[in-house]
Amino acid sequence: MDLKNLLDVLIEKNRSLISQGHVATYIPELAKVDPKLLGTAIVDKEGKVYSSGDSKVYFAIESISKTVVLALALLDNGEEEVFKHVHKEPSGDPFNSIKKLETEEDHLPRNPYINPGAIMMTSLIKGKDPDDKFNRILNFMKRISEDDTLTLGTETYLSEKRTGDINRALAYYMKGQGVFSENVEETLDVYFRQCSINVTVETLAKIAGFFARGGVLTTGERVISQRQAQIVTGLIATCGMYDQSGEFLDNIGFPGKSGVGGGILCPLPSKEIGVAVFGPAIDKEGNSTGGMGILKDLSDKLNYDMF
Amino acid sequence: MDLKNLLDVLIEKNRSLISQGHVATYIPELAKVDPKLLGTAIVDKEGKVYSSGDSKVYFAIESISKTVVLALALLDNGEEEVFKHVHKEPSGDPFNSIKKLETEEDHLPRNPYINPGAIMMTSLIKGKDPDDKFNRILNFMKRISEDDTLTLGTETYLSEKRTGDINRALAYYMKGQGVFSENVEETLDVYFRQCSINVTVETLAKIAGFFARGGVLTTGERVISQRQAQIVTGLIATCGMYDQSGEFLDNIGFPGKSGVGGGILCPLPSKEIGVAVFGPAIDKEGNSTGGMGILKDLSDKLNYDMF
Amino acid sequence: MDLKNLLDVLIEKNRSLISQGHVATYIPELAKVDPKLLGTAIVDKEGKVYSSGDSKVYFAIESISKTVVLALALLDNGEEEVFKHVHKEPSGDPFNSIKKLETEEDHLPRNPYINPGAIMMTSLIKGKDPDDKFNRILNFMKRISEDDTLTLGTETYLSEKRTGDINRALAYYMKGQGVFSENVEETLDVYFRQCSINVTVETLAKIAGFFARGGVLTTGERVISQRQAQIVTGLIATCGMYDQSGEFLDNIGFPGKSGVGGGILCPLPSKEIGVAVFGPAIDKEGNSTGGMGILKDLSDKLNYDMF
Amino acid sequence: MDLKNLLDVLIEKNRSLISQGHVATYIPELAKVDPKLLGTAIVDKEGKVYSSGDSKVYFAIESISKTVVLALALLDNGEEEVFKHVHKEPSGDPFNSIKKLETEEDHLPRNPYINPGAIMMTSLIKGKDPDDKFNRILNFMKRISEDDTLTLGTETYLSEKRTGDINRALAYYMKGQGVFSENVEETLDVYFRQCSINVTVETLAKIAGFFARGGVLTTGERVISQRQAQIVTGLIATCGMYDQSGEFLDNIGFPGKSGVGGGILCPLPSKEIGVAVFGPAIDKEGNSTGGMGILKDLSDKLNYDMF
C-alpha cells in the first residue's frame, strides 16, 4: 500500500473518533469551525507531499506557531542570547500557568512552548514595529513551509486580542519582575497575530519536514542551522504538549506540537519526514481526537518509535 | 505624664532607629522623601488629637488606603456582595503574590488587603467613570478623617502608573479567570490614585480613631455600621501586615496596617482610640523602623494587648 | 437572665443545627461518638463555672491540645528558643498541608497550631522519654484546667497512631530538612497521646479561662507569664482555625481553637472569661455545627467583639 | 580510529573536568570515594563491550536503579496496572520534591524516576517479603546486564537507611493520601538496598544496551517486551534528569539517567547501543563533570542527535 492509500485508509478508520471531541469555544471564531473536518499530510525525505481528507482547508495555526517563532528568534538572536530569556525544561504545569514565574528564583519561563515562554520569544523577534515584526514572522513561515498562501485570520486575531487576559497577565508579570524588556501590548499584538495565521494540514507537514530535515528547504537551501533545528524539535519532544508531553511521546512515539485550532505538527527527525493532522474536534487536553487516532496508527504502520 | 509629653519622649527615644531603615526606592517619588522624618499621633475616645514630631508633613498613604476603600466598598455594596468577590483569610504570602489566584479553586483573592484583593475592592466602588470613582474615594477619606486637606499626589500617581506591572498582572489574571468584571486599566488608574493620596500622620490617627469608634465621626454621626467597622478592623488584625501579620500582632499587641510610604495606622477598638506613626525609613518588611519602635513603646506604656 | 439560664436557652435554640453536621470518621473511635451530644460552659472572671447540656461527657481534645502544649513548650524553653523552631504566621493552607515546609526557605512550620508546628512543639517538651514527656503534658493540662479527672483515651490514641501517616510525613520531612532534632516516632507517640486526652466541655472552658486571665489559676497562682498567655491566645486569634481563621474571627468576634472531636475553646482576654462548646457533629471545615451556633449567639448576647 | 581508541582519547581529554566537581557527601559512604576516578564504556549493537579508564571499579548505582526497577515492575504487573500508580510526565521539580503530591488532585507521583515515583515502583515488585523482593531486583539486574558480579553495598545501604528521612516523608505522605498500599518501612528497606547495588561502568553500559536493543539479551533472548523497553527509555528522555532533563537532552542529544554515585546510563535506541560513564566528582546538579564531558564529545563523534 502506498503512502497516499495509507492516509486515505487512516482518515476513514479514525473518522468515528471525531464525535468524541468538540471544537474549542474560548474564542468565537474557533467555535464556528465545522467539527467534522479531518485531514492529514506527510512530507517525505525528498519533500514530496502526500495528503488525504480535508487537506486544503485553512485553519488557525494557534500554538503551533510557537515552533516557528522559536526558530526565527534563534536565527535573529543566536542560541546563547535566546536562552538568557527562557529555559529548556518541561514545566509540569498547564500551558497558561503563572505560578512558576513567581516561585522560580529567576522568574524566567521554563520553556519556549508554554505561553509565557512563547510570548518571550515573540518579544525577541527583530523589527521596527509590531507590523514589521509580524510580517517577518509571516514571511519566515511562508519560506520554511514553501507555502505562499498563508494569511492572517483577522477575525481570529481580533477574538484572541479581546480575550487574551491571561496572556496579558503573564507578560505583565514578567515585565513587573524585570525580565521582559519590550512593550507588553505591542508584543501581545504580534503574538495574537502569529497565532491567527491560517494554514492547511499540508502547510504544517511541510514545516514539520523542514525541521525534520534539520533546517533545509526541499531545494537544498539551508535556512537555519542543524543545531537550531535540533533545538526546536528536541523541545517539541519534551515540552510540546505541556503537562501531557510525556504521555504523548510515550503513546505516539514521536514528538508533536498541537494547537487549539485542531492541528498537530510532528517532525520525525531520524526519518527526515514531516507529519501533520488536522481535526477541530478536540479532547479535554486540547488535542484533535481524530488526529490523535491517525498519529497512533501511523506510528504503528511506520513502525516508528524514537526509543 | 500626659499623652503629648509621652509622644514627645517616644519620638526622641526612637529617633535612633531611623538609621536602621531606608526610604523605599521602587518609585522615584518615594525615593525623594527625607528619611529623617518621624512623627506620631493619637486620637483619644473623644476625638482629641495628640501628636509629636513631623506630624504635619504630607506623605503618600499607599497601602493604608486599602482599609478606607474596603469601608467604602462595604457601604456601596453591602457585606454579602463584597464577600462574593474576596475572602477574609490571611494568605500566608507576600502582598503582591499571584500564585494563589491560580491554585485556589475559585481564583478569588484571599483578603482585601493583599494587592489583588485591594484592586478587586477598588473595582466595586460605585461611580460613572474613573474620575468619579476616585473622587468618591477621596471625599470618603476626607469625611471619615474629618480632614479637608487631603489631595492627590500627582507625581506619585504617575510613578505608580508607570511601574505598576505586577498589579496589572494581578488584575488581568483575575479578569482572564472570569472573576473580575471591570475594565482593568481604568480600575488600576483609580487604584494608583487612591494609593497616592497625601496624608499626615494625624490624618491616619483620625482614620484609625474612626474605625476604633465603630464607624462614628467625632460629631457622633454614624458613617458606616458597627459591623462594617468591625470587618475593616478585624481584617487589619489578621491580614494587615501580609505574611508578617502574626508577628506584628504578637509583637505590638494591637492591629496595624502599614504603607510603603512609611505610615502605619492602628485602630485600638477596645479603647476606642486611634494611633498612627510615620517614618519613611522602612525595614526590609516595609515597615517604618522608627515607627515600629514607637508602637512597641506605646503598647507597653498603654499596657495594651488584645490578648 | 443569668448566665446559666442563657446557656440553657442557647443549647435548646441551637440543637436543630446538629443535623447539619456529621461525626468525624477518619478514626474509628471518633465515629462511635453519639452525634446528638451538645454542651457548653463558661468560666467567669472569678473562675466560677456555668454549663449546660452534655457538659459532663468526656471526648477527645484533639487539636485543642496544641494550645496547652505550646504553653508548656514556652514554659520549658522560653519564648526565644521556641520561636527558633516555628513562626507565628497564618499559613493560608489546611492544617495538614506539607507544601510550605518545602517552599519556605527555612523549612520551618508557619505557626504552632498547624500540624507540623504542633509536632515541633511536642518535640520541645522536656522529659527523659516519651512516657515522661506525655505525663508532663497531662499533668500540666490538669493543673491549668484545675481538673484532676483527665485521662488518656487509649482507643483514640491507638487509632491515631495507626492512621497518622500524614503526620509521619510532616515530621520526617522536617527531619530530612535538618530542622527537627528529636526521634520522629517517639515524638509522634507523645503527639498522638496528647490529642487523645479525654476532657469535658467544662475542662475546655477552664483552660480558656486560664489563658484569658493571663496565665493565672483561680487561686491567684501564676503558672505561665502574662506574655506567654498572650502568645497562646494571640495565635489562637490568627491561626486557631487554620485557613478558616479569618472567617471565624470575623463571624464570631473572638478567638477560637477547634478540635475534630467536636470541642471549641475560646479565651476572651479583655473580659477574662473562658468559653467552650462541644458537639461531635461537625461541618466540612471540622467545626461543631451546634457549637458554632452557640458561639455566634453568645457573641451577640455578650455584645462581644474584639474589634 | 576504533571505538576503544576513541574512549581512551576522551578519558584523557576530559580528565581535567574532574576538578570542577566534588564527591557527594550526603551519606558517609559516598564521601569516601576517590574523586579522581573516571571511566566509560560502550556496548555495540552486537553486545561487544568497549571501555576505558576506571572501568572495573565498583560504585553505588543509586538512582540509575530506578530504570531497572521500572522494567521489573512492568514485567511483574503489566503496563496498565503500573500506570494506575504513577504518571509519565516530567514534574518540573527536583527529584525529592513533595509539593506536587499534595497539589495534584490524584496525589500520584508525576513519573517513575523522581523519588516518590521510584518508591512507588519498588512497592509494586512481587515477593513474599523485603528480602525476596530485593533478591528479585538484584537477580533481574544481573540478568539484563549479563553481569553476575553485582552485590549489595552494605555500608551504602546502611547509610541510606539512616539518612533517608525525606524518602520516608514521601512514602508516608502517599500512604496518608491512600495511594500507597504497602508497608512504608519495608518498601524503603528494599528501595535503599536497590540504590546500594555496586556496579561498574561496564555494567551500566550493558544495561543501557539491553534497553536500546528493545529488551533483548545479547544472546537474542527476550526478557521484556519491546513496548516495555520503550517505556523505560522514553521516560529516561523526558524525566531522567529531573528538572534538568530538557537541558541534558538538548545538550547531549540522547537520553541519560544519572545517579549520585557518579554514574550515567545512556541507551541510544536508534543505534541499539548502550553508553555509560562514571566519575564520582559531580556538579551541583548531581552529574559527573568528567562524565558529562565524555558524553558531549561522544555525541559529536558519533554524530548522534535524536532530533
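In order of appearance the chains are A, B, C and D, and numbering begins at 1 in each one.
What we mean here is this: a residue touches a chain if its C-beta (ideal position, glycine included) is under 8 Å from a C-beta of that chain, and two chains touch if they have at least 3 such contacts.
The UniProt protein names, listed by chain, are A, B, C, D = Glutaminase.
If you're wondering where the values come from, they're calculated on a predicted model, not measured in any experiment.
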The chain whose C-alpha centroid lies farthest from that of subunit C is chain A
Please compute the C-alpha centroid of subunit C, do the same for subunit D, then give the distance between them in whole Å.
47
Distance between chain centroids, defined by C-alpha means - subunit B, subunit D (Å)
55
Where the centres are mean C-alpha positions, what is the separation of subunit B from subunit C, in Å?
33
Got the subunit D residues that touch at least 2 other chains?
103
Okay, what are all the chain pairs that touch?
A-B, A-D, B-C, C-D
Residues of subunit B touching subunit C in their complex?
87-93, 100, 110-111, 229-231, 233-235, 237-239, 243-247, 249-250, 253, 255, 267, 269-270, 305-307
Contacts from subunit C onto subunit D in the complex sit at residues 97-99, 101-103, 164-173, 175-177, 184
